[in-house]
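Each in structure tokens, the structures are laid out below.
Consider the two complexes below, in which subunit A is the common component and subunit B and subunit C are the respective partners.
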Partner chain A sequence: MLINPVEKDQKRISELELATGESISDCYQCGKCTAGCPASMDPAPSVLIQFLKLGQFELAKNAESIWSCMACLTCSERCPKNVSPAAIIEGLKNLHLRDMDPRVNLETMSRDFLAHSPQMAIISGFRKFI
Partner chain B sequence: MSEKTVRVPYYPGCTMKTKALGFERSAMDCAEVIGFEMDELKDWNCCGASYPLTKDNLMGLTAPTNILVEAERRCQKEEVDPNLLTLCVFCYNTLKRTEFAFGQDEKKLETINAFLDRKYEGSIRVIHYLEYLRDVIGFDNLAKMVKTDMSKYKVAPYYGCLLLKPQKEIGLDDPEDPVILHNFLDALGCKVIDFPAQVDCCGSYLVMREPEKVSKLSYDILADANEYGAETLVTACPLCQSNLDQSQGDKVQFADLDGMPVLYFTQLLAIAFGLDTKTHLLEEHHIDPRPLFEASGSSDGESK
Partner chain C sequence: MAKIGVFVCQCGNNIARTVDTAEVAKYCSEQDGVVHVEDYKFMCSAPGQEMFKKAIKEKGLDACIVSACSPKMHEATFRNAAEAAGLNPFKVEIANIREQCSWVHDDKEVGTVKSKDLTKMMIERIKFNKPLERYVMPLTKRALIVGGGIAGIQAALDLAQAGVDVHIVEREPSLGGNMARLSETFPTLDCSQCIMTPRMVEVQNHPLITVHAYAELEQLSGFIGNFRARIRQKAKFVIDDLCTGCGECWEKCPFSTESEFEMGLVKRPIIYIPFPQAVPTVPVIDKTECPKILKDKCGLCADVCGPDCIDFTQQDEIKEIDFGAIIVATGFQLMPNVYREYGGWRPPHMTPKKLTAKMRKALPRSDAGRLVDVINGLEFERLASASGPTGGQIRRPSDGKIPEIVVFIACVGSRDCNKGVEYCSKICCMYTAKHTMLYQHAVHHGKSYVFYMDIRAGGKGYEEFINRAQDEGAQYVRGRVSRLTKKGDRILVKGADTLTGQAVDVEADMVVLATAMVPQGDSEQVAQTLGIGYDKHGFFSEQHPKLMPVESSTGGIFLAGACQSVKDIPETVSQASATAAKVLALFSKDEMMRDPEVAIVDQEKCMNCWDCVTVCPYLAIERVELKDRNGNFRKWAAYVNPGLCQGCGICNTACRSKSIELMGYTNEQVYAQITAFGGDII
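And now, the complex of A and B:
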């Protein structure tokens, strides 16, 4: 595959860096984030960041795996370059959510979940998926 | 109880009043034995549960700031140390990180203050109940208050994520190799089961969207604890407790594993103190912990 950085994408990547407070170019692809990720994300955190480094914004933004991040912060804690993949992933999710593109359907949500889950799970879920 | 009871301002959070009522009740009963009172803030709101990870999300800081203002006013009025005690790990993480953010960035604080139309001066120090036991009471003093022989219980300390991470902001313990729960269990006299999965994530709020993944992650943690010989697991987080405990209802995933009770550390502390645990809602856990403690609590339960 031939990868050409898209100029429009570069602008959006800069905006993502500004919003998240992260410096994507600092990543040197060591893969510690991916090695420690308990969410079995595919594309993995380091791959998502590589998409961004290559100027492929849409590939990162539309990756289904971003919705499996549980913000355990293992990646951020282990990054030797002080990048927070979890923050970048949340930045990508926020773009969907702010466009009114939720990832949980309230109407079909399991009543069982609402009845039995601790409030913190419901509130966090609302923040991360809706 | 000691001669003078210290009152510590306390923020419960939503889960503590509903699904984790047994956590709060056991913590309060134990505090009374230790000699302090958890003095609940009069007017509190939800902290928002998860701290916003992106810098642009200032809105997520308004709820925790409102709580810090309330605590600051209380402490100033009553002239007590500006500590705010928490039990729920999500609340602890959110409030602690908010406290840290304002220490780093005064402009942020000014913006939030202007939005809330309240003035938070930045004096509150958010602490966790475990931290209070370690740093103020001292685990060695705690050990002297233990009434029950706990040496027969093989207990695995489970930390999860948000009690420890990010270390730079929380600073409670080492996130990769923590000891605070180990030392707590040591003080109680339990047989502490050190196991590799003690800091692995249980799946957290993913339970809303991918419960099967949470089942799998919970299984991995419990199977690991089981392999190392644990009979029960303790945690400080209501969501870890819920995920690890409720997931065991997934009979397919858990086919080869016997039920393992998952307790709040304060529920175990109450047992160690020999307190009446009737109100601590042990019976509401999916895997009932009572048989383990009742069986070995009596003299004929020494078999294993």
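And now, the complex of A and C:
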């Protein structure tokens, strides 16, 4: 994976930082968020943030594990550097959904998609204001 | 008949737990020659020592045994107490019944028996102890500092301010060392030259400091308080006293070679000062390059010199000066042989002087399949320095372009027991963070990546500094780089990010290696000249890692700065001041007392095998001629210099003719001790 800065990805990451109010560069990768994650996310929260630190926005956004985050905020509570991984993951979900469709319209969605989407994702879909 | 006193210490419960001290005392009182015994809780306490002194005075004891802890702990305490009570201090011996008995046994019965034996051995031994007198030695109150970097400068100023005559020997034409090369210093980012040059000027102007620039220490003889140094003043071909430092000569010199100070990034004239603030501002002619000296052509510098101070016939000059103490501050270099897998660059620290014409052809600075944009930390310092070859603009060496992506690689050569050195080079984490900041400050749109294994930022304000570097845009990637290859006009860096578990690539315009700090290339030779210990890497060894960190293994020689281990500037400066304090303590007396427990040669018995000379680790034994009363040569014999002898006893065991005795540890004493334990052994 080439980690040279790509303008498009840098822009999306700034957008994410703006939306969530978090500073990704603050993370020093101690792994405390991953260690306490009750959802056993894989890729883990710290890895998702490392992807963002390396400028790999798409890798983070397309990671399946963001949908298993239950927003319990354990990671945010424990972070020694005042970064909120839960907020960043929430932001990633929102950006992901926005990329798919600017508005979530349950009626236009296939029953099959709704049946297979995590409830959390559907709820998130209603919350986006970006 | 001996009158021996035995004092058994309980050491609180430390000894009494596994040794019945009352029983030991009773047993000792029955021994031949013992006239007084005591059994007390803490012999080393003030009342314990009073009891000891009182017994010596009242009972008229002529020898004392203290059965207590290791002699390393309290031998000096009791010997001083005995001296105060009027007994020769060398008639006091310690039987170690704590470290060698009570602490290593659980069974009280066994411990008691062993304590009895240990004490009895000492009782028999002390009957052969002779009263010894300490040697009084003269003391030369002049200090020599080897190396004129920041460590040497700091030590020299501290000593001179206390009124000590100081000489600095520096092999380069100017003081300054590696610190003068630095652009800015962590963690405050103050300009290195701005904080250093005032000190250099202070050294130059101080009436008590003599600077021997462009000189080397060739030989050292003597011992603590009485060293004699042979200093070779290399020919500068410029007369110091006449030169005004006007600069006519180095501006007119038509020839040039790569500048050592600028890490070979630019050329310098053949008659040169290393950098504009050089101290002393007297140029030297590089005799390996000067056509006038090599082929008798040119001589332009002599023509333009106003005060006529250029003398092409000058020769090296040898100075012999006496010193009382020596501070070694020879500093460091960056590891010269960096790896092939990182790309085939020229050996970074190899100065042009040491390159033959053939090697120079093979190692061009220009592009020839080599990665010339891979530089080391010191080269980056010069690029970032306002006084450097690019005037502070960071431009890459190959084409002078401003690099937009720079990769910094930490731990190059360090923490690598396979191809490098196994130790952590300690300062690289910090200087790499500083480099990223210098780069980000100079190139706002640039991006810097740092490949690291761990960030070691233990120091005041250091962790905060690393955080600041990351906030200012440095991207840290945790993993080592496997190789560098050329890709277009860029360098493809193949690394890893172990945090995501992926291999990562960066296409960089320039790569900066945080190369390991290693001792100067000739540090082992310097150690041998000085007669001090060094480790397998070539760092000089301290006497004790915790309690004697600035003393070398030889008395009167102290260590300051990066020649002892990897160090940053604050640590170097503190250590340099510490050596100055040690030298001042040594110079606080008018003459020195030396322990009399040294080897003595029976010169009539000596049969000149010189094994002792070979084995002596302190170079204390010399060959002397014995003469008869008419002054004619009679025979050769070994002589142990009591000033140098540390009483280790190696010569004693090596001596074939048994003509060496170690005072305080004579054969009689040791045999008596062994016989008391194991019966007749002879």
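For this structure, a couple of remarks:
The rule is short, and it goes like this: the second predicted complex is superposed on the first by the 96 of 130 C-alpha atoms of A that agree within 3 Å, B and C clash if a C-alpha of one lies under 4 Å from a C-alpha of the other, contacts with A are read in each partner's own complex, and residues count from 1 in each chain.
Criterion: a residue touches a chain if its C-beta (ideal position, glycine included) is under 8 Å from a C-beta of that chain, and two chains touch if they have at least 3 such contacts.
Since the model is a prediction, treat every value here as computed from it, not as a measurement.
In the superposition on chain A, A:Leu54 contacts subunit C only, with no contact to subunit B.
When the two complexes are overlaid on their common chain A, residue A:Ser25 makes contact with subunit C while staying clear of subunit B.
Of the two partner chains, neither subunit B nor subunit C is touched by A:Ser65.
Within the superposed three-chain arrangement, the count of touched residues of subunit A is higher for B, of the candidates subunit B and subunit C. Once the two complexes are laid over each other on the shared chain, residue contacts for A:Ser46 go to subunit C alone; subunit B is not touched. Once chain A of one complex is fitted onto chain A of the other, the partner contacts of A:Thr34 are absent, as it touches neither subunit B nor subunit C. Per the touch definition, subunit A reaches subunit B in the complex via residues 18-21, 38-40, 67-68, 70-74, 76-77, 84, 86-87, 90-91, 94, 103-104, 109, 113, 116-125, 127-129. Contact residues on subunit B toward subunit A in their complex (touch as defined above): 13-15, 18-20, 46, 48-50, 52-57, 60, 88, 90-91, 161-162, 165-167, 175-176, 200-201, 203-211, 213, 217, 238-239, 242, 246.
Against subunit C, in their complex, subunit A makes its touches with residues 1-5, 25-26, 28-29, 43, 46-47, 50-51, 53-55. Residue ranges on subunit C touching subunit A, taken from their complex, read 405, 447, 449, 467, 470-471, 475-478, 497, 499-507.
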